[in-house]
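Provided herewith is a single structure, encoded as structure tokens, for subsequent inquiry.
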Amino acid sequence: MRQLKKPTYAQVNDDIVRTLVETGPRYYLALGTALLVSIVLFFLPWYYQLRTGVGLAGMNQPNVWGSYLANFVFWIGLSHSGTLLSAVLHITQSPWRKAIYRSAEAMTLFALIIASLCLFVHLGRSWFLHWALPYPNQMELWPNFRSPLLFDVMAITAYLTGSSVFLYVGAIPDFAAVRDRVCGWRKNLYTLLSLGWRGTDMEWHRLGVAYTFLAVLIIPLAVSVHSVVSWDFAMSIVPGLHHTVFAPYFVVGAIYSGTAGIVTMMFLLRKYFSLESYITTTHFNNLGKLLLLLSLLWAYINMLEIFTGWYSGSSAQIETLNYKLFGYYAPLFWGMVLFCAIIPLALIVKKVRTSLITMLIISVLINIGMYIERLLILTTSLSRKYLPDYWGIYTPTLVEISIFIGSVALFICFFLVFVKIVPSVSMYEVKETLDTPDRRR
Amino acid sequence: MSISVLPALDASKKAVGIFVVGLIAFVIGYWVNRNYFSDATPVQPIEFSHRIHAGENQIPCMYCHLYARSSRVAGVPSVHKCINCHKVIATGRAEINKLFNYWNEKKPIPWIKVHDLPDFVYFSHKRHVRGGVQCQTCHGPVEEMNRVTRLASLQMGWCLECHRAKKVENGRDCWTCHK
Amino acid sequence: MAAELLGLFSHADQALKAAGGLRDTGFQEISLMSPTPLHGVEQVLGRKTSAIKRFTFFGMLTGLLAGFLLAAGTATLYLLPTGGRPIIPIPPYLVISYEVGILFAVLATLFGFLVSARLPALRERHYTPETHIDRFGILVTCSSEQDAERARTIILAAGAEEIRQLEYLGKKSHEQ
Amino acid sequence: MSDSDSIKEKWKKYRNPGYQDKFDYSWGMVIDLDRCTGCEACVTACQAENNLPIVGEEGFRSGREIKWIRIERYWDGEYPDIKLRFIPMLCQHCDNAPCEPVCPVYATYHNQDGLNVQVYNRCIGTRSCAAYCPYDARSFNWFSFTWDKPLDEQLNPDVTVREKGVMEKCTFCIQRIRQAKDTAKDQNRRVRDGEVQPACVQSCPTQALVFGDRNDPDSAVSKLAQNPRGYQVLKELNTNPSIIYLKNL
Amino acid sequence: MLNLNRRDFFKLIGAGSIGTGAGFLLGESMKNPVELLIPYLIPPEDIVPGVATWYNTVCNQCGAGCGVMVKVMEGRAKKIEGNPAHPVNQGKLCPLGQAGLQVLYNPDRLRNPLKRTGERGSGKFQEIPWEEALTTLADRVGGLSGPGASDRVHLLSGRAGGHLDELFSRFMDQLGSRSYLQYEFAHPHNLYLANKLLFDEERLPYYDIKNTQYLLSFGADYLTSWLSPVHHGLSYGHMRQGRPGRRGKFVQVEPRLSLTGANADEWVPAKPGTEGLLALGIAHLMVRNGHYEGDDQDKWSRALDEYTPERVSRQTGVDAQRLASIAEEFARSRPSLAIGGGTAANHTNGVSNLVAFNSLNYLAGNLQKPGGILFNPPSDSPSLLSASPHKSQAPYARLLALMERLSKTKDSLLLLHHCNPLFNLPDTVEIKAAFQNAGMIVSLTNFMDESTMMADLVLPTHSYLESWGDDVPEPGVGFPVAAISQPVVAPLYDTRAAGDILLLLADKIGGDVRNALPWSNMEAYLKSAWKRIYVEKGAVIESSTFESFWKAVLQAGVWGETGSKDAPGVRISGKHLLSQLAYEAPRFAGDQEAYPYILHPFVSQAFHDGRGANLPWMQELPDPTTSVVYGSWVELNPRTAMHLGIREGDLLWVESPTGKIKVPAYLYPAIMPGVVAMPIGQGHSAYGQYAKGRGANPIQILAPLTDVKSGALAWAATRVRITKTGERVEILKTDGTPRELGRNITGKRITMIPIDASPGELASNRVTGPNKG
């Protein structure tokens, strides 16, 4: 990789505004296909399911939760690392986050939106979902705040607002920079978005303080969101789900799958928006180290969960363990262990961490493994509960697979629109890493 | 040059204006439908006037609606009961002829329901009549109505309010009113 | 008559030197516009700390209280006992109040930031696009003609590439 | 909960677990496994009484049968000394039911009759109650089922026909309980023991199922509950079910 | 704001109109659909809308004759419950009884008379009015009546109890034909004959399971299909837990564990057909150990000495030690009861087996004792007695004779009433020939079943909930009982009750037939019959006039002479026993090598003998022992299956000497290795959408062997061969893993404190009821 000449300030502005304004035919092609795929594979099957009933999915009596809930947990997982990564690294002042944190935060926001969409698809009668929101109504009925699902509702609204505020506040200076370079409807849009930001020292100082406070608030919020999502399962007395280790297990899983998601996105962003000079191999190197750390942590907690199950010795726990390790879903389980625990060990080698293609492959495999993990948590536990005569097998149907693929396409749609509306790399942060114009260090 | 948010707002002022007009129109349209096209007073196949029967002639409610004290449904009088009186009283009127047409063709009169609760609601006239609730509380002053109209909303909140006011035992338990 | 001077520099430390000079000679309304947040500008211009942390703190407090009240209050409006547990169980409602607490804190921080940074700017204020690309600008208001002359000399001494004389826009144009 | 109580009293009342300490009636059932022959008369009686849909061959293939009470069979031993044990499994109306706190919209809660009540038109179909129930006593309407033409004449008007997306379970034939309380109220007396019987209890040929009010000590259910053969299924989960099984000797 | 240009103005107008329109539509969409309130024309006096009325009638789904009450709201039957006043079922009911409403409201019910248009068996029919149907039938029947009519006019009915049976026989007598037969697959011919041979009482005694202490049942599946399942259910419940401190023991001897066997304390798998030998072995041990003190002790020991335990255990496969313990316990615990039925009574040696079982009862002294066998005292009103249909029930041999006469004589006429011989009889060549070239076949039925497909004229009948009739329960309840079935709802379609059809026919034929059957409809006929009973039993009945008596019986749904319960019992002597005592080995169709397995068909709980297959609730009722729904299966011992390389769901050819069917395999853990079991009931080729083309019918491949003595079909005497077809199909089951895996679900492992334990200890283990847990 030849070392690129460090861009000057002016070049930074030009590059990023160019990614914003010029939209080549390839972009429209990508956006068109993504939109088409998401409509055909997500909204049409969903509408069909709304008319005929959730029975289209493969769920049956004992395992009443299927891949829709796995989608929900997977997308919530993907949404975590964006904010966590940018918030944690902002507090630790690490320089290499500056180029990637904006798109990571955007990934958080859109993954959250897709997650709540998947929740709507999961519900049996989603047209009454508004009953789960605390609004005064003539029936004098309120949602049941004792339920972990209501923790979900509150946590996700808090996290949605939190991460969108965090993204917006960080992007105000960039909106101002773009405001001066564009015209027409974009000018009005960016003037409104930048709230008349002038870049005076007083504004910078206030921004710095506010941004740090938000970062400090977002981190516990993100951890609480995913432990609340794990409490949907851990609060039950189903033998496979009723473990106290579920909250940290889900949070680690979330960060792990989110970081892998970031690596994938970095690669695509770098390749198709020619941001080679901003997203450099050091980013991939550091992310690789982070992935290695998380994969070891995840493997440890997984082993921990199995160990506590085995140690309890109760017939229900042992049966769920056997079923998970050697039962109907065993190949999926061992595939997951291979993808999420064994392959990432290759990240120890620096050459692997810095070669982009292998990082992409490893991150995609990790995300596949994590999706399987979410699916297994549901199926291996729900299909074998306390009464052996009522055990059953769950296999996803075509409708569920198409809805998952549709949700990925929808995510790509959101992201493509984001890249054209909000500058995907934060200009003022990148400028900080460069030396001031023609000052020779 | 100088910078402020206002010029950008001006551009969108026109769009916001149009939206507000649309909103106001929406509210007006809804209000017009509710008040002038409401289904609270449907036109019945025979212009039966409660005011004449229950108001002036003081016929008690239970005379026609027999089962109000003994069953869930209050029951609507059979055609035979109408014929009993109208064989003799006021036989010439147009409406009474319509009644006799139905009777001669042996077809029941297809009355249109004014107070109709959804199917999942368990409402027992017996419990309310024996509980001392007057017919007028829910059906309104029927003895003054030429054409029966629905005054009460018959919504859940309205029922709950009365149950709380009257301190009905288990009044707020879901299965008291749901099936 | 009052006037505003805008000095553009190509380097951050030149702008800082100019700002220090102006500050020492008694100018009050100085603001330094830069494409990136500059460290050390507070000591030079002596800003007081922001009020944002009070917003966040009170936001968190009200949020915690509102969350608990929301959960406990609605449970008592329509008494539906579930699972043999009390109508107002503490553990679930703590989680709700925690979530609502953070939600209110985030919103309060945003509101605090907008208030303390005087955004959204409704009044016209001087601005040049270059300070968002690679130039550093010093904007100073001078009440009289000789003040303007004195400021001009200090800015030029610090090595400004360009100076513009702008007409005066509003009374308290660039307060803290 | 008259609003005359002071705030302090209210707070104390709201904070006591098992909020309704005194149930009007605490309906419970005793199932004598020594009498139960597994003939499934209760299953058909329940299906006839509560408008359970005909799920069709496809429904069974995808494991979506809707049964409020089912007979579970457990083999014991190998040929030739083998034994087949039957156990009727239905909603146990647990006193601390795991399915009630998890419903986000109060579609299921514990009413003053000690019953775990499922309100069909409040349910939004998250199905978490079915996931949480250790007895798998809940069935979900995956589709809106239809009845071929004259078969719908048989539908019981006292029980709603559920649409798709709604969870349903055994309600101890609450429409019969309401009917009995209605007549009892007319004669202003309490419901006598044995006056209200769910469809399964009324139809069980060997009288293995006994239903009654556990609050009144001399009801058949309370007496049978003292039987030393009595046990509760999955008692170690502390759901405190109101159905007591008598062991098959 | 006011600087509007033309475009903005139009935009405003557009927004305004769209807004009002949307508001209007929202209001419109929130309106409830218009519903009509239809009053009665003339209010019927007994119907209060919203309040249910209960009518008593008799269940006709099987032969037991339980009394039911039907909840009717606004003229629609809503629920069937047992009639608490009826002594047979005392308010209880079996699943088939509960599903009675689906017979009434079945979508596939025939609605008006049909005439065949295509050639016979094609199933093409054309609707004709009642008038035309009755006149054609009346002319045909009229022409055939007179001398020698018994070869030309035949009436084959399913079980028709009470005075309907009397009406049938009167009608046929008028036509001069004696060929009136009833055929029911599960009718216990052998049991009647055994009782006649031993106690010269050709009726079923009352098996008092309720008060017995030790019940030894040879193959009698008395909780699902044998005689009166609901009554036996009640007795079984009482035997187990009805008497504080005493719990009856129950041992079941059968090659395949049935639902009844599953509830036994001991399951004794004996080789099929050798149950009689087992009973004689037990008798031998009882007599040898001196448990029989009767005076002819030596005669008995001589008669029984050849049945030594070694020989018996070798031939039956039951080890001698177990044989001894059963004999010991059967003799010692008083009162004990031995019953036989199911496959044990339907081998070629069925009657001799039953004789052996009754010899056990005799030796243990159970005759005419509570807890043993009680013969009901005969009712002194002859018309009640005449109502028992057994005398017209035809064993298989007489049926074959009818089939031959049917196909031999030219333009013969077969009247079918609720009977489906093509399904319930093995399809041997005689039956097919009979149905092919019979002159005319007329079917009085509710549904288009296999035999009705071959009919030339189909007359749709009322279901049993819409028609009049009465019924005397066959095994009775210790005293004579009769119940009246009355219509509970107005008839749904333009159908007629079977009795009415015959009376209308009689009227149309005219002449002496008309004045022999002068009644206008079944109700009038029934009233006249019951008037005779009222006159005979005048002394006992309180109600003054016949009308009030009739109304009282309709109200109660049942009437019985309770007084005669303690009348002197019938004198039963065992004198014939010794002469009849003999064991002959069972014969099986098909030799051992070519057909290695013995087919063990069993009458299933939900379909009885196939009549319940068109009821959706019954198709959806999981089979009690295998939990299979919507299909049939063949049960194999897991070890033999593994040995043959068969897994669950493999489609197999089950081939007997006379035919073969394709059925999926089911590994049943509780069946003898040499035996293969199949449920009866599925495998219809035409019986409505729920039953058509589902599963296979084992009766088809049964060899037409008959019992040596009684001539009844020996449906347990067929050997079969199993071959794999290579295809696989998924058996629909509702069970996951039917093993408890140590989770104490059925309470096996709770520590049971004996009743007389010290109160303190008892308290700790007692499970307190109220919610304090």
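Order as written gives the chain letters A, B, C, D and E; numbering starts at 1 within each chain.
As a convention for this text, a residue touches a chain if its C-beta (ideal position, glycine included) is under 8 Å from a C-beta of that chain, and two chains touch if they have at least 3 such contacts.
Because the structure is a prediction, the values reported are computed rather than measured.
**Student:** Which chains make contact with subunit D and with subunit E at once?
**Tutor:** Correct list: A, B.
**Student:** Which other chains touch subunit B while also touching subunit E?
**Tutor:** Chains that touch both subunit B and subunit E, as defined above, are A, D.
**Student:** Report back the single chain whose CA centre is most distant from the CA centre of subunit E.
**Tutor:** For subunit E, the chain whose C-alpha mean is farthest off is C.
**Student:** When you take the mean of every protein CA atom shown, which chain's own CA mean is nearest to it?
**Tutor:** Per-chain C-alpha centroids ranked by distance to the global centroid put D first.
**Student:** Tell me which of C-D and A-C has more C-beta pairs in contact.
**Tutor:** A-C
**Student:** Centre-to-centre on C-alpha atoms, which chain is most distant from subunit D?
**Tutor:** C
**Student:** Report the inter-chain centroid distance for subunit A and subunit D in whole angstrom, where each centroid is the mean of the CA atoms.
**Tutor:** From the centre of subunit A to the centre of subunit D is 42 Å.
**Student:** Return the distance between the CA-based centres of subunit C and subunit E, expressed in whole Å.
**Tutor:** About 89 Å, centre to centre.
**Student:** Taking each chain's centre as the mean position of its Cα atoms, how many Å separate subunit B from subunit D?
**Tutor:** Measuring from centre to centre gives 36 Å for this pair.
**Student:** Based only on mean CA positions, could you tell me how far subunit A sits from subunit E in angstrom?
**Tutor:** Comparing mean C-alpha positions, subunit E is 63 Å from subunit A.
**Student:** Mind pulling the residue numbers of subunit B that touch at least two other chains?
**Tutor:** 3-5, 174
**Student:** Of all residues in subunit A, which are in touch with two or more distinct other chains?
**Tutor:** 62, 140-144, 146-148, 150, 195-196, 198, 386-390, 392
**Student:** Which subunit C residues sit where two or more other chains touch them?
**Tutor:** Within subunit C, residues 75, 78-80, 82-83, 85, 92, 120-122, 125, 127 contact more than one other chain.
**Student:** Go through the chains and record each pair that touches.
**Tutor:** A-B, A-C, A-D, A-E, B-C, B-D, B-E, C-D, D-E
**Student:** Taking the complex as given, what residues does subunit C use to touch subunit D?
**Tutor:** 72, 75-76, 78-88, 92
**Student:** Can you list the subunit C residues touching subunit B in their complex?
**Tutor:** Residue list for subunit C touching subunit B: 78-80, 120-128, 169.
**Student:** Going by the contact rule set out above, which residues of subunit B touch subunit C in the complex?
**Tutor:** 1-6, 172, 174
**Student:** Subunit E touches which residues of subunit A in the complex?
**Tutor:** 62, 315-316, 319, 384, 386-392
**Student:** Residues of subunit A touching subunit D in their complex?
**Tutor:** 52-55, 58-62, 64-65, 122-126, 128-129, 131-132, 141-144, 146-150, 153, 232, 235-238, 382, 385-390, 392-393
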